[in-house]
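This report concerns only the one structure given below.
As written, the chains take the letters A, B, C and D, and residue 1 is the first residue of each chain.
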Amino acid sequence: MRYLIRRLIWFAVALLGLSLLVFAALRILPGDVASVMAGTNATPARIAAIRSRMGLDRSYPQQYADWLGGLLHGNMGVSAISGRTVASQIGAHAAVTLPLIVLSLLVALGVGIPMGCQAVLAGSPRVRSVLHTIAIVGGAVPALWGGLLLIMLFGRGVGLIGILPSQGFPDAGWHAPRAALISLILPTITTGLVAGAGIMRYTRACLISMEDSDAVAMAMACGMTRRQAMLRVGLRLSAAQLVSVAGLTFAQMITGVMVVESLFNLPGLGAMLINDVGNRDLIAVQSELFLLAAFFLLLGLLVDLMHHALDPRLGEQTQHAGGEGSTHDLGIR
Amino acid sequence: MTSVSDDGKRSKRFGRGGHTTGNVPLRMRFGVIIRSMWHQSVGRFALIVMACWIAVSLLSLFWTPYPLLYTDGGHAWAAPSAAHPLGTDGVGADVLSWLMAGSRTNLVIALLTMLVSAVIGLACTAVMISGRRALASAGVVVVDALIAIPTVLLALLFAVPFGTSISVIVAACGMTYGLNMARIVKPSASLAARSAYVEAARAMGGERVARVFSPISCPRLSPVLAVQLSMSAGTSILAEAGLTYLGVGVPSGVPSWGHTLTTSVRLISVYPLTVLWPGLTVTLVVTALYLLGDTIRDCADPLANVELRKLAAAVGRQTHNTGADA
Amino acid sequence: MNRTDMAQDAMTQDVDAATRPQLATSGEILHVRDLSVQIADKTVLNDVTLDIGANERVGLIGASGSGKSMLVKAITGLLPRAARVDGDITMGGTQLQAGDDAAFAALRGRYVGLVFQNPGAALNPVLSVEQQVGLPLRLHYDLDAGERRDRVMTMLERVGLPASLAGSYPHELSGGQQQRAGIATALITSPRLIIADEPTTALDAIVQRSIIDLLVSLVESAGASMLFITHDFAVLSRATTRCMVIDRGRIIETGDTTALLRDPREPQTRSLVNAAKTLTLNVNPEHHHA
Amino acid sequence: MRETNEQTATRKRGPAEASGGTVLLAARGICKSFGTRAHRVQALRDVDMDVREGECVAVIGGSGSGKTTLTRIMFGLDTADAGTVRYRGGLLAGPRSAVMRQLRLESGIVFQNPFTSLDPRWSAGRSIAEGLVVHAARSGRRHSAGGGEAIDAAVRGALAMVGLDPDEFIGRYPVDMSGGQAQRVAIARAMVAQPRIMLADEPMSAVDVSGRVQILDALTEIRRRQPHMAMVIVSHDLGVVQQLADRIVVLHDGRIEETGATGDLLANPQSAYTKQLIAAAAW
C-alpha cells in the first residue's frame, strides 16, 4: 500500500517533468515558431496573427500554464495545419494504432511464452537449441525487413502467396470491421513476432534459472513431474519478472509499430506524429508527444503494480529499499 | 571485457610487472579469453562477424566499388548486375557501396550507444543503491517511470529542436537502454552492495557505492554488463534502421544500414530479391552482437571459465619458482 | 513426550485406506543396485548399492561434495536432465527407470517424502502454509476441500505450528517454523519413506534439537522409514540406527550407528569421526541434569 | 604474556580476569532495534561488553539472540540506537571519525560464509593482497621499495599461517576450494595486515565437519603466534568455543544472560538458558 502511494506520487511528478521536457524541447527551436508555422512566404501580419492565435506572444510560463490547463480540461488545441482539433486527430489515428498494439502484444505473448517454455522443457536437446536460435535470430530482425519479407510472401499482388492486403486501411475504418481486421493481419504478425522473439528469450532465461531452484525441486518432491513443476511453480515464480520484461518489450515495440504503420500505409498515430513533426505543427506535436509518453508512463505504472501484486515478498522488501537496515542479515529471524 | 581492463589498472597499482600475488598479466588473460571464445561455435561465429564488420568499416574508408557520390543517371533503380551486384537506387548510386559505407556509421552508433548507455545506466544504478534511503528510493521510482518511454518518442522529441543526426539516435537509444540497463543491473549491484565481500572490503575502509563499482565488485557486475552492453549495441542498430526509415534517424546523404534498407523498400517493386542483403546484414550483425555478450559473459568470467582459473593457478605456482631461483 | 503421544493418537484416527499407500508389501522400502551417475563426464555416484527396510532409520554421512545430495536426487528422480544414470532403483515395489519422470512423480510426495535443507528457499513463496502443506494431497488424492483442510490442520498441529499461521506465507515465518512447515509437507500423505537432506543445518542448536526430535518422533509414530543425511554426528546418533558413509560417490562403510561411530574401520570414516569428536562439547553431563 | 602464550597452546586457560590485558574495545549500554514502525524487533537491550588485549571472547546464543548485531556494532559495521563503543579509549563516532578509521586499520573480520565474503571472481592471492593494499592506502603510506614483492611475501606468509600451501593457493579461486580452505583464505585476509583485534562471525557454520577442524586449527595457530591479538568469536557451536575462548558471553533475547571464564561457565552454568544451550550441544 505504501508502495502504491509512493509510486502514484512519483507518477504525478514524472508526468509534470515530462510535460516540462516536451514544452522546453519545442521552445528551444532555432528561429521563431510562428514564422516556421506560417510557412516561407507568409506576410508579417499573418505571422503575427498566428502568434496571437496560438498564444505564442505570451511569456513561456504563461504559455506552459495555458497548455497544461487546456490538457486538464481535455482541450489540446487546434492543429495549425489541418485545422482539426488535436483531440479528434489523436482519436482517429489511435483507432488504428491501439488495436495494432494490442493484437501485436497478444501475438507476442501467445507465441513467446509457450515457445520460450518449450525451449527449456522440450525433451530433445536439438529442439531446444533450434528454439533458442529462433529466439535470438528472431529478435535481431529489423521490423522493417520482417515486414518486407512478409509482404513478399503474402502481400496481395506482390507476394508469392498473395492472399493478404499489404497496403492501407479501409476508408470506412472500423465500420467495415472485417476488412479493417484483415488489413491489420500482416502488420500485427510483423511486430508481434519480432517482440515475441524477445519475450521468448526472456521466458527461456527465467525458466532456466528456475531449473535448479529448490522451489521447483520441492514441487517435484510433492509429486509433480518436472514439466508440471516448471510450468506451475517455475513459471509462476518468474511471472513478476516476465511482466516487467513484457512491459518494456511493449514500450520498445512502438518503434516497430510506427515503422510497420508506415510500411503498410496505415493511418496510425505514428504516421500522424511523423507527419506533424515534418510539418512543424508544434501545437499538435506538443500535445501528441506528451499524451503518448504519458500513456507509456501509465503503462509502466500498471506493469510495476502488477509486478508487486505477483510477488508477495516484495511488499516487505520495498519498505526498506536501499536503506542500511536491509543490507545485512541481522540474525534476528 | 570490463573485468579485463579493471585487472590491467589493478596490477599497475600493485607494483610493477603485475606478477605479484598470483595476478595474471593482462595479455595472458586476454589470450585465454579469446581462445575459449573461439572454441565455442557460437563465440566463433560472433568473433568472425565482428571482425568482418570492423574490416568492412575500415575498408569503406578507403575503398568502395563506387564512390558514394557517384551516380549513374542512366541506371536509376537498376536490377543487380555485374557492375552493381545489389543494384542502384533512385539516383543511380550503387547500393553495395552504400551498404559497405553504412557499416562504419552503424559501428560508430553502436559504440557511442554502448558508451552513453553504460554511463547513464551505471549512474542510475549508483543512485538506486546508494546508502541514502530517500535518494535511492527516489532513483528507483524515477527510473521505473522513465523506463516506459519508447526510444522513438525520445528521438522525435530530440529531433524537433535538433533535426535529424547521429547524436539524436545515440541520445535516444543511450537513454532508453541506459535506464533499461540500470533496472537489470540493479539487483546484482545491490546484491553486490550488500554482499559479504563488499562488506569485508568496507570493513577495511571504503564507501559503499564506490565499492560496488570499484574493481572489488565490478567483476560481479561485468557479466551482466557484458550482456547488456552488447544488447544495447545490437538494439541500436535495429533502432537506427527503424528511425531512419521514419525520417528521424540518420540524415539522408549519410550512408547507413537503415538508409540502405529504406532504399531497398523502394526497390522491392523493381527487383524484390535485393531486399534480402541489407536485411540479412543487419540480422547477422545484431545476432552476432547478442551472442557476443553471452560468450563474453561465459569466457571472461573466471567463475564460468575453468581455463582462466587454471591459468591463475599456474601463474601462482610459477612466480614462486622464479622467485626461488633468483 | 506429551506431543509424541498426542501425535500417535491423532495418527491412528487419521489413517485410512485412501491415504495409506498399498504398494509396500515386502519389508523392503527402498532398494538400490549398482547406481552410477555421471554429470558432464564427472562421476558423482559410483556403483552405489543400498537397502532400506521397513521402520528403519538410516543415516548417510560424508564430507561435502562426497555425493550425499546427489544420491538423494538420484533416488527421487530429481537429478538434472543432463545426468546419465545407470543401475536399478526399486521403490515401493516399482522398478524405476531413470528418466521416467511420471513414475517417479507418482511416488514422490506419496510413497516418499522429502525434507529440504533450506526451507526458506524450498517453500513456494506464493503459497500459504496451508496450500503448501496440502499440495501433496491435492496432487495425489481426490479429497474435497474441507477434508483436505482438516488433514492439513491436524498435521500443522502435529508439527507444532499454531493454526493461526496456516494463512501465512513462508517469508513471514522464522527458520524453525519454515522447517516445521517443510516437515508437515513431507509427512502429510503418511509416506513410507522420509528422506531428510541436512534438515537442520540452517538452524541454531536449540531449534535444531527440537526439529530433529520432532522429525524422529513423527517418523517413528507413523511407522515409516527414514534416510537421514547429515554431517552432524550428534544428530546422527540421536536420529538413526544404521549408518552409511559415502566418499567420492561410493558407499565405503555401513554399520550400526553406535558401533560405527565408536569404531570406524575405513580411514575416511575415521577422520570424519575424529573431526566430529574434536568439535564436540566436552563437559561432565552430571552438571546440567539438575 | 608468555604465560598466556603457553596456556593457549595447551587449550586450557584461566578466567578472563587473569589475562589482565588492557581493555581494547568497550561497549556500554548498547540498544538496537530493527523493522518498521509497526513491527519493531528489539535486537539488543542495554548490553555492556569488554574485550581485552590478548584474550579470546566467545559470544554465544541462539539465532535472534542479537550476538551478530552486537559484534557488528562493536566493530563499526552497524550503528547502535543508543549506547557507546570505545576503541582504546576513543569514542567510535560516525563512519569518518578518526577512531573508526583506526579501528578499521587495526581490526580483521572473518565472516560467516567464505564463499560470499570472498569475491568469487578473485584469486585467493588477490583477495588477501586487497586487505594489504587498502590497509596501506588507508594508513597513508604506500608500500615503499619493492611494493609488489613485499605484498607477495606478506600474502604468502598469511597463507602459510593458516596452513595452506602458498604455491597452490595463491592463484586459486574460491570455487576450486573446499569450505575449510576458503574460510582459511578469508582468515588469512583478515590477518594479513596484522590486526590488533579480530572478529570471527560464526566462522564455521557454513562449513562441514572436516573443514571446521581445519578452521579451528588455523585459529588456534593464530592465537599461538599472535598472543597479543584480541579475538571475538561469535558462535553457536559450544565445542569450538570451549577450545578457543578464554571467556564466554551468553546472549539471549538481546540481553546478556551470563558471562564467565570458559571452563567455569561450561561446567557450572547459572542461567536456565545456558543450561539449555549446553544440553543441546552435548547430546
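What we mean here is this: a residue touches a chain if its C-beta (ideal position, glycine included) is under 8 Å from a C-beta of that chain, and two chains touch if they have at least 3 such contacts.
Treat the numbers as computed from the prediction; the structure is a model and nothing was measured.
Undergrad: By mean C-alpha coordinates, which chain is most distant from chain A?
TA: In terms of C-alpha centroids, the chain at the greatest distance from chain A is D.
Undergrad: Which chain pair has the highest count of C-beta pairs that touch?
TA: Result: the chain pair A-B has the most contacts.
Undergrad: How big is the gap, in whole Å, between where the Cα atoms of chain A centre and where those of chain C centre?
TA: Centre-to-centre distance between chain A and chain C: 50 Å.
Undergrad: Which whole number of Å gives the spacing of the CA centres of chain A and chain D?
TA: Distance between chain centres: 53 Å.
Undergrad: Which integer distance in Å separates the CA centroid of chain C from that of chain D?
TA: So the centre of chain C lies 35 Å away from the centre of chain D.
Undergrad: Please output the residue numbers of chain D that touch at least 2 other chains, ranges allowed.
TA: Within chain D, the residues that touch at least two other chains are 63-64, 77.
Undergrad: Listing for chain C: what residues touch at least two other chains?
TA: 174-175, in rising order.
Undergrad: If I count partner chains per residue in chain A, which residues reach a count of at least 2?
TA: 320, 324, 328, 333 - these are the residues of chain A that touch more than one other chain.
Undergrad: Chain C touches which residues of chain D in the complex?
TA: 62-64, 178-179, 208-213, 216, 236-240, 242-243, 266-269, 275-283
Undergrad: For chain C, which residues count as touching chain A in their complex?
TA: 76-78, 80-81, 101-102, 104-106, 108-110, 113-114, 116, 118, 121-126, 135-136, 139-140, 169, 171, 174-175, 182, 185-186
Undergrad: In their shared complex, at which residues does chain C touch chain D?
TA: 63-65, 174-175, 203-209, 231-234, 237-238, 271-272, 275-276, 278-285, 287-288
Undergrad: Give every residue of chain B touching chain A within the complex, in rising order.
TA: 128-133, 135-142, 144-153, 156-161, 176, 180, 183, 190, 193-194, 199, 234-235, 238-239, 241-243, 245-248, 261-262, 264-265, 268-269, 272, 275, 278-279, 282-284, 286-287, 290-291
Undergrad: Hey, which residues of chain D end up touching chain B in the complex?
TA: Residues 75-77, 101, 104-105, 107, 109, 111-113, 116-131, 133-135, 137-138, 143, 146-149, 151-152, 155-156, 166-173, 175-176, 186, 189, 193.
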